[in-house]
Structures are given as C-alpha cells and as structure tokens.
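Each of the next two complexes has chain A plus one other chain: chain B in the first, chain C in the second.
Entry: the complex of A and B
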C-alpha cells in the first residue's frame, strides 16, 4: 500500500472523529465540557439521510444535517445559557432526546425501528482526481474523498487562526479561562459561550453528515456509537489545542483501524473496540500525571 | 422556624415537580398530535402498572435497580464527584455475580449466595474506584473517565457473555441460568416481585440517615462542597471522596447482583434500558436526596413500564419515553428566572 492510499484511508476513517473533537474543543475553550456532541451528530446523520433520500439531492441532505445539528446546539445553548441548566446534565439530556427523537420518528413515520435504508441515495460531491496533485502527499490522499474530508483538513488550521489570531477567538478563550476577568474587561461571556456552542453544532453537523452520507448512505439508531465521547477525550488529551486535538483524534481513529486488523489475529472484537476508550483514559491520566509531577514541590 | 423549613422544602419540591409536569404536558401534546386516543395512551402510560398484580410486580422489579443506583449516585454527587458511570458499575456487578453463581454452582446457598452478592458489589465498587482515585490523586475529570469506563465495561461483559458463559441453547447474548437455590425469593403476596425491592427501600432510608445524620456523612458532604476547606479543617476529604465512589459503585454493583439473582436469573447483555443514566436523572430530580430518589425512581419505573402498555393498546411508540426522559433531563436543572451563566450543575443541589 502506498503512503497516499494509507493516508487516504486514515483521513477517511478519522474525519468524523476529528470533527467531533473540534466540536468539543471549541466549547472546551469556552469552559464548557460538551457531552452533547454525540446527540448533535446523531440528529445530523438522521436529518441528512431523511432529507437526502426524500429530495434526492445531496446538497439538501447535507444542509439538513448541518441545520439539524446547529438547531440542536441552539436548544442546548438556550437551555444552559438562558435558563441556567447544567452543561453536563443538559448535554446528556440532548443525547437522550436525540436518541429518543430519531427512534420515535423511525417508529412512527418510517415504521422501521431498525434504521433508515433508502434504496437510492444521491452521492456527495467528491474531490475530483488530479485536482490537488500539486500538493505533495496530502493532495493525492484527498482526491476522491468527500467534500467534508477536505473541509475537515481545512477546519483544523481555520480553528487555530480563529482561536489565536482573531479578536473574537481571544475573547472566547478569555471567557473560558476566567469568566469574571473577561466580564470586567467588557467581554460578553454569554455571547462567547453561545458562539462556541453554535460552532460546535456546525462541526457536529459535518461529522454526522460525513458518517451517514459518505459511504454508508443509511441511518441506524445510535450509529454515532460513542464517537462524540471519543472526540471529547481527544480534545482533553490535546489540551484544547487545534493541532494536538486533531492529531489525538487521528490517533484514536488509527486505533479503530488497527482494531479491524487485529481482529484477524483471533483477538475478540470487543477488546479491539475498547482500545480508543482505554487509550483515552490512559492518555488523560498521563497528561494529568505530567502536570502533577511538574507542579510537585521539590524535596527539601 | 417550622414555617421557614416547610417553605424551604416546598420550594425544593417546586422545581422538580415543575419539570415533571412540563415534560408530561409536552408529551401529552405530542401524543395528541399522533394518536386519536391521547387520553387512553396516557392512562396506559401512568396507570396500567396497577391494573393487575403481575403488572405491579413488574413495576417493582423495574424500580429496584433504579432506586439502588440512584441512591449510590447520591453518595458520589454529595462528595462532589459527577459520577456518570452507573451503567458500567451496574454491568460489572451483574456479570460478576453471574460468573460466580455459574462457576461455583455446586456450593450450598448459604455460602454461594453471599459470595455472589459480595462479588457483585465488589466489582461495581472497583469500577467506581477508578474515577474516584484518578480524580482525587491527579485531578482527572471524572465525567470523562466514567463515560469511557461505561463503554469499556459494556464491551467486556459482551465478550464474557458471548464467548465464555453463553447459554448455547438460548437465543441472543444471554448467560447460562443461575442455580435455582440462590435465586432471591419473591415478596410474599406479590408473585413475581423481587424482594430486592425491600432491600432497596431499606437501603435508601439508611443512606439518608448516613448522609445527613452522621459525622461521616457530614464529612463526605463537606468534601463535596469545598474539598480544600474540608481538608483545611482536618477532614481526610480525599479519602471520603474515594469511599463515596466505592459506595456509589457498590450500590450499582448490588443493583446488578440483585437483578440477576432476583429478576433475570441470568445475565442478558441488553437487560438495562440505560438504568445508569435514568438513575442519574432520578438522583438529580430528587435533589440528591436518597430518600427522595426512592420516589423519583418509582416514577421512572412507572413511565418505563407504562410505555410498553401504551404501545400495545394505542400504537404510540414506546420510544416516546426516551424522548420524554431527554426532555426532562434537559429541563430538570433549568430555571425560569434569568440568572448569570456561572451557575453550574452542583448549584441544583
């Protein structure tokens, strides 16, 4: 296998994870532990498939996915920022609401609680061959991928620029780091948090659309299968920095891909599937342990 | 004095009851929109549990794990640990009890029964200990660790029940049946209702006394309110937090143990309709009070079982209840008055 095709498969597999991680990262920088990414992704995946198959248009499905997730994020931000609900509790509520809501619609209107598998589904736009070959390594790996993969590759530097090179990004980080100081400096903290949750909805929407629309073309109840949480772990592992977060997400995606291979060596599938979660706990523990060792007072 | 106390407790009741009422009202609108018989649907949802003695028994069985887990979660929350790991701890307890029960099926009940229960509690406590110690020693975020541990434990039990103790004669991922001599007896007079429910009721009341009327409980709560202050006044706060997590895990493990011994009589991979998350809801709705979570757990058991009766008689999908639970969780900690954004989850206590 050439480097390009290996890179291509890593990119494809880890795209939903990277997007989920970016979604959790933006909110984490505004000091919100966002457990609702999972639910927003699920809403996006469902609306993408439902609208895409009903209209026969990939663009309509894609937009529906984004709107679904952003709409969910608005519910989340309204209930937390306007009505003062706890972020974790409300996030878990969003996840339940997304799981229950999609299942309810499947049972009531589609009469198929097992999932939604349209017979024909429009193809998403893919990066044409030979259009990016002038970029070494990354160019050929991107060719033939869905537009969302390309957007994801661009989103990582975009997040970095946004967070570290724009005034709004600085305000957002300030609001997350010290709310009271930020408020005294005249920053509208609630607005910054609202912005962070909305951006997180946008990324979750892309993640859900990629998951359902790119190769699979169907929706299953609970098809996000914990990716939102793995993304959260990647963010915490990457300490909220765009490059580190995206790398961690790719690493976790790599573990997933590695899992498929290991299965061939008689290792039970369950242990393989555990790997990203175990790595997440170990990585978090390790990063906290490093801080602990660094801050430990020296022995006299 | 009594008057202010009464007013306070009345005020404490308004928020959760308001959230429940609002959710039920929204649910009713939804049901009315899709069904011709919304009143019948809601009657089934709320009252079909009491139509027959066997329905009532199923209702008590449903409530048993919910009461136990939410009482356990109360200990964790009071100690300041946001334990989302009830599901993993429950599964750990259930699988451990099943494994011991099957492996030593030859032992007499007087030895095997306590052994199986204790193993279940210990397994749950072990799963609860990990996030506790990581939080206290290194400050690792417990929400993330418990969330990840849930998936890890569920995958592990799925491995055990599929590859190691699977009942090859049965359909689906279920273990061999436990030997009949260690089955938990039913409540006299209510055939089919597990006596585990009585244990759950007693434990929830005992937990209230322990948390609110003993020095140890006060120390746990002070560790949860302000860890550094508690340490400064000489409380071994870190140890209290870890013990509280062991208790939380132990309660969920006990829920798993009592489920397999008293209700399922075997381990089934899909035995839990997210008991862990629902129990967390019960604990929060009860404003983190073990005695009150007895009632919120009963309410949830009512809804969970009622949904099935509702689906049978009115074709309203039972996933309505998951949807309503989501709504309730969403609304639970919300307030109608405008407040600053700095009120976090623990404010709701």
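Entry: the complex of A and C
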C-alpha cells in the first residue's frame, strides 16, 4: 500500500464529509443545529444523476444537484424561519421527505425503485494524470480527483474568510451568538439565518454531487449512508471553526480509508467497521471535556 | 392514505366476491407481493415463473403493493386467504410476521413462502442454495484470475476478493461456497473478504473494491445488493473483473462482469406448482432449491467467457449436482 494511494483515498472519502461538515458548521454559527444535511445531499445526488443523464451534460447535472439541495434548504428555512417549526423536527422531516421523495420519483417516474443507473453518464472534469506530479506526495494524490475535491479544498479558507473577515460573516455569527443583542444592533437575524441555511444547502449540494457524479454515476436510495450526520459530528467536534471542523472531517475520512485498508489484514471486519464511529464518539467526548475544562471557574 | 387503503381493499374484495371467472377444477395460484414489479430482479423473476405456469393452464394472479405500504400487504394476504378461491397462495420477502398470523387461522389453505422460512403445517417454505451458486462463482473467479490467456485483464496472480454487505449468516453462506469453489480450482488462492457494513453505501463499496484491486485482486465477487453496483463500477474503472449477484448484471459493464449468480425465483415457483399439482409437495418443511433443480444459476457473459472455460465450470457444476461434492453451508 502506497502513501499516495492512501492519501488519494483519504481525500476522496473526506470530501463529502468535509462538505457536509461545512454545511452543518455554517448553520451552527447561526445557532441552528442542522440535521437536514443528509436529506439535502440525497436530493442533490438524485437531481445530479437525473438531469445529468437526461441532458448528457455534466455541467447541467452538477448545477441540478446544487439547485436541488438549495431548493430543499429553502423548504427547510421557510418552514422553520417563516412558520416557526423546530429546526430538529423540520430537519428530520426534510430527511424523511428526501428519502421518501426520491424513492417515490424512482418508482413512479423511472419505474425502478432499486435505483437510477443511466447507461451513459457524462464525466465531470477531473485533474488530468501527470499534471501535478511535480508536487511531492500531495500532487499525485490530487491527480484524478474531481473538480469538487478542488472546490472543497478552497471552500475551507473561503468559509474562514467569510465568517471572520467580512461584515456579513460577523452579522451571521452575532445572530447566532446572541439573537437579542444582534437585533438591537440592527442586524436582521432572520435574514442571517436564512443565508446560513442557503449556504448550507450549497455545500450539501456539492457533497451530494460529488458522491453521485465523481465515480459512481448512479443513484441509489439512501446512498448518502449517514455522511450528513458524520459531518454534523465533525462540526460539533470542531466547535464550529472552519479549520477545526474540516480537520475533524478529514480525521473521520482518514479512519474510513485506513479501515478499508485494514480489512486486507486479518483483523475482524466488525472491529474495522467500528473505527470511524469509535473515533467520532471519542472526538465528541474530547470536545465536551475541553468545554468543561474551559468553563471551570478558577480556583480561589 | 387511509382512503387509498379502503379503496384498494374494496377493489380486491370485489374481485374476490365475484370469484375467479374460471371453472373450479383449474389450479389457481396467487402471489401476495410486498413490492412492485419492474425491479429487473427478484420480483420480475418471480413473474416469469407465474407466466410459465399460466401457459400450462394454471390461473395465476400477482397482487402488487407498494414496498412502503406494509398494511396493504397484510390486507391483501387476509383477503385472498379468507376468500378460499385460491388453491395456493404464494408470498415472499418481508411477509414473515404476516404469514405467521394468517396461516394458522386458515389451516385448509395451502401457502408457499419463498426466500424465507416458517414452520406451519400448511406452509411450504422455499429457500435457495446461494452457497452452490457461489461455489460456481468461486471456480470461475479462480480460473479467470490465473488464466491470463483467456482473461487478458488479469495479472495471473491467484488473488481474488469478495466485497460483501454485512456479516450475516446468509452472506456467510455466499462466502463459504465461493471460497470452496475457488480453492478446488486453485488450492493456494488468496481470497480477501471485505465487508461494507451495510447494503446501500455504493461509494464505500467502490473504495473497498479499488483497495482490493490495489492489493492485487483480479476478480471481485459482489455480494452487496444495491451497493454492489459500486463494486462493479470500481472493477470496470480499474480494468479488472467482477461477478454480479441477484439479477443479471452482465450488461452493466459488459467488458468486466464475467457472470452473475442469480436465484431463479421463477424456476422455483414453476417447480413447486408442478409438485403441488402432483401432490408431491411436503408442506410444513423447507425445500431448498439448488443447482440441481435450477433454483440458483450462474449466468455467463458469453462475450468474454470462452467455451473451454465454460466447460471447466460446467464440469464443476456436474460434480455438485451429482452429489460428488457437498458445498459448505453457513446453515
């Protein structure tokens, strides 16, 4: 097993997790615990494959994925921010709607409840082979990755700049930290939350498109397989900071990729499959412990 | 929702009260489904079996139902059981609890329960010997990995792999048969056994398959249901071979999928109706359909499997059907 291939695999497995984590992070900063990432990813994956195969254009599929997820996020923000539904309840509702809705369309429209597998599907743009091999280690790992992987690498600093170096980002954080104070400072809190959910939809859209369009080129019911929730765990672990959140997601991706490789050895499969979840539990315990230590009053 | 239930049960009740329009001495069979047709797999295969018996004068009827509507499955089962118009009622996956309640209430009604088991005196359970089909898949995988002349994508190293969904008894049955088949052909063959952890994470199946191929595997056996599409795609993207499962997956990647191991649901339905008509069916027992009675089969991708290789596999099949070789089973 070579380091390049492990690194490439880590990048590939981490990308949807990092995007899901960023999606959950941006809403967490606006004080919304977003459990709907999973559902938005699923809608995105489905729309990407459906439109991509119908039009034969990767760009159209990609855009459809993004629009699908952003559209779902608008439903989410309308029922929560406009009509006052609880975020968790509405988020779980969105997940059920996405899982059931995609299955319904598969059954009624495509007549194949088992999944949507177009015979030919347009390729997304991938980093060409041998174009980056002059960069040691990271270069070969990036070759052959999709454009969404590159976008993800850029999205992390972009999030940081947005949150900490732009006025809108500060308003968004203020709206999340203390709603009343923010409102008295003249910030439109609802609009900020709405913006956070929409950005969350955008990232979920990228995550879903990556999952469906990068290698697989097909859609299966529930193909997101809990990645949205792992992303949410990474956000909580990273305490809503872009770099820490992305690192946590990469850590989960790393243990996933490592687990894949460990299965080649004589280690019980159950143990290997447990790894990412074990790491998630340890990470969340650690982050709670850190908060506990930080908030402990000093000794008199 | 409620309205639809009521309407659909009325619709069924209406047809049942009026009764089947054929004379009473015709044999009749109805299949209470927990799914719709059109899955290109299990259900459509069952429909083929019913179409075959219909050609021979048996009155057959399939009651489709949405997979997300368990109440309707139960209503359909109760309606056909109470009507008493059907000689035999077939039902299949997801219906265990429903049948366990309905069958004892209708002791004179014959039931056939396939792909699952229930011990009731009026129920004939049908199961499939996936270990025997997997045995053939194993022999084919071993041949394809080592015979570089006929299988140019192989490296010649005797390494193959299984990418499976979860570590369940039924999946172990696939694995044991596959292992035994491969080792009879190439005794020192190395078989990686890899689990995804579920049956719908196709991306993980893709990654795991690619890892197995990087480790030298030449042929990958897909035992992962829907997620297995990721396995087939990874094998195609890495220019190696794969063996499909459940339905004929040969056409998905025609240059890479060597064959598909399928349960021939249709054959088992046809055979069991024949047996019931002849009065030979043993109700209250489990009947296992294997290679011998064509309950499982390996469907070859004829464009990439040469005749002499097929002959080798068929020789192995003959040993199983003649009883010379007993295939290991997890049950």
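One rule holds for everything that comes next: the second predicted complex is superposed on the first by the 264 of 300 C-alpha atoms of A that agree within 3 Å, B and C clash if a C-alpha of one lies under 4 Å from a C-alpha of the other, contacts with A are read in each partner's own complex, and residues count from 1 in each chain.
Please note the rule applied: contacts are C-beta pairs under 8 Å (C-beta built on N, C-alpha and C of every residue); 3 or more make two chains touch, one makes a residue touch a chain.
A quick note: this is a predicted structure, and the numbers were derived from the prediction, not measured.
Undergrad: For A:211, using the defined touch cut-off, is the partner it touches chain B, chain C, both, or neither? Pick first, second, both or neither.
TA: After superposition on chain A, A:211 lies in contact with chain C alone.
Undergrad: Name the contact category of A:236: first (chain B only), second (chain C only), both, or neither.
TA: Only chain B is touched by A:236; chain C is not.
Undergrad: Of chain B and chain C, which one touches more of chain A's residues?
TA: Ranking chain B and chain C by residues of chain A touched puts B first.
Undergrad: Using the superposition on chain A described above, determine whether A:129 touches chain B (first), chain C (second), both, or neither.
TA: Touch partners of A:129: none, neither chain B nor chain C.
Undergrad: After lining up the shared chain so the two structures overlap, which partner does A:13 touch, if you call chain B first and chain C second: first, second, both or neither?
TA: second
Undergrad: Scan A:100 for contacts with chain B and chain C and give back first, second, both or neither.
TA: both
Undergrad: With the two complexes superposed on chain A, say which partner A:177 touches: chain B (first), chain C (second), both, or neither.
TA: In the superposition, A:177 contacts neither chain B nor chain C.
Undergrad: In the superposed arrangement, does A:35 touch chain B (first), chain C (second), both or neither?
TA: first
Undergrad: Take the contacts of chain A with chain B and those with chain C, and give the residues found in both.
TA: Touching chain B and chain C on chain A: residues 100, 103, 107, 113, 270, 273.
Undergrad: Within the complex, which stretch of chain C touches chain A?
TA: These residues of chain C touch chain A: 35-36, 38-41, 66-68, 167, 192-195, 197-198, 200-204, 206-208, 210-212, 214-215, 226-227, 229-230, 233-234, 237, 252.
Undergrad: Quick one: which bits of chain A touch chain B in the complex? Just the residue numbers, please.
TA: 33, 35, 75, 79-90, 92-101, 103-104, 107-108, 113, 179, 189-190, 193, 226, 229, 232-233, 236, 268, 270-271, 273-274, 277-278, 280-281, 284-285, 288-289, 291-292
Undergrad: Which residues of chain A touch chain C in their complex?
TA: The touching residues are 1, 5, 9, 12-13, 16, 100, 103, 107, 111-115, 117, 211, 215-218, 220-223, 225, 256-257, 260-261, 263-264, 269-270, 273.
Undergrad: Tell me, which parts of chain B touch chain A in their complex?
TA: The touching residues are 34, 82, 84, 134, 137-141, 143-145, 147-149, 151-152, 155-156, 158-159, 162-163, 274, 277, 280, 284, 317, 319-336, 338-348.
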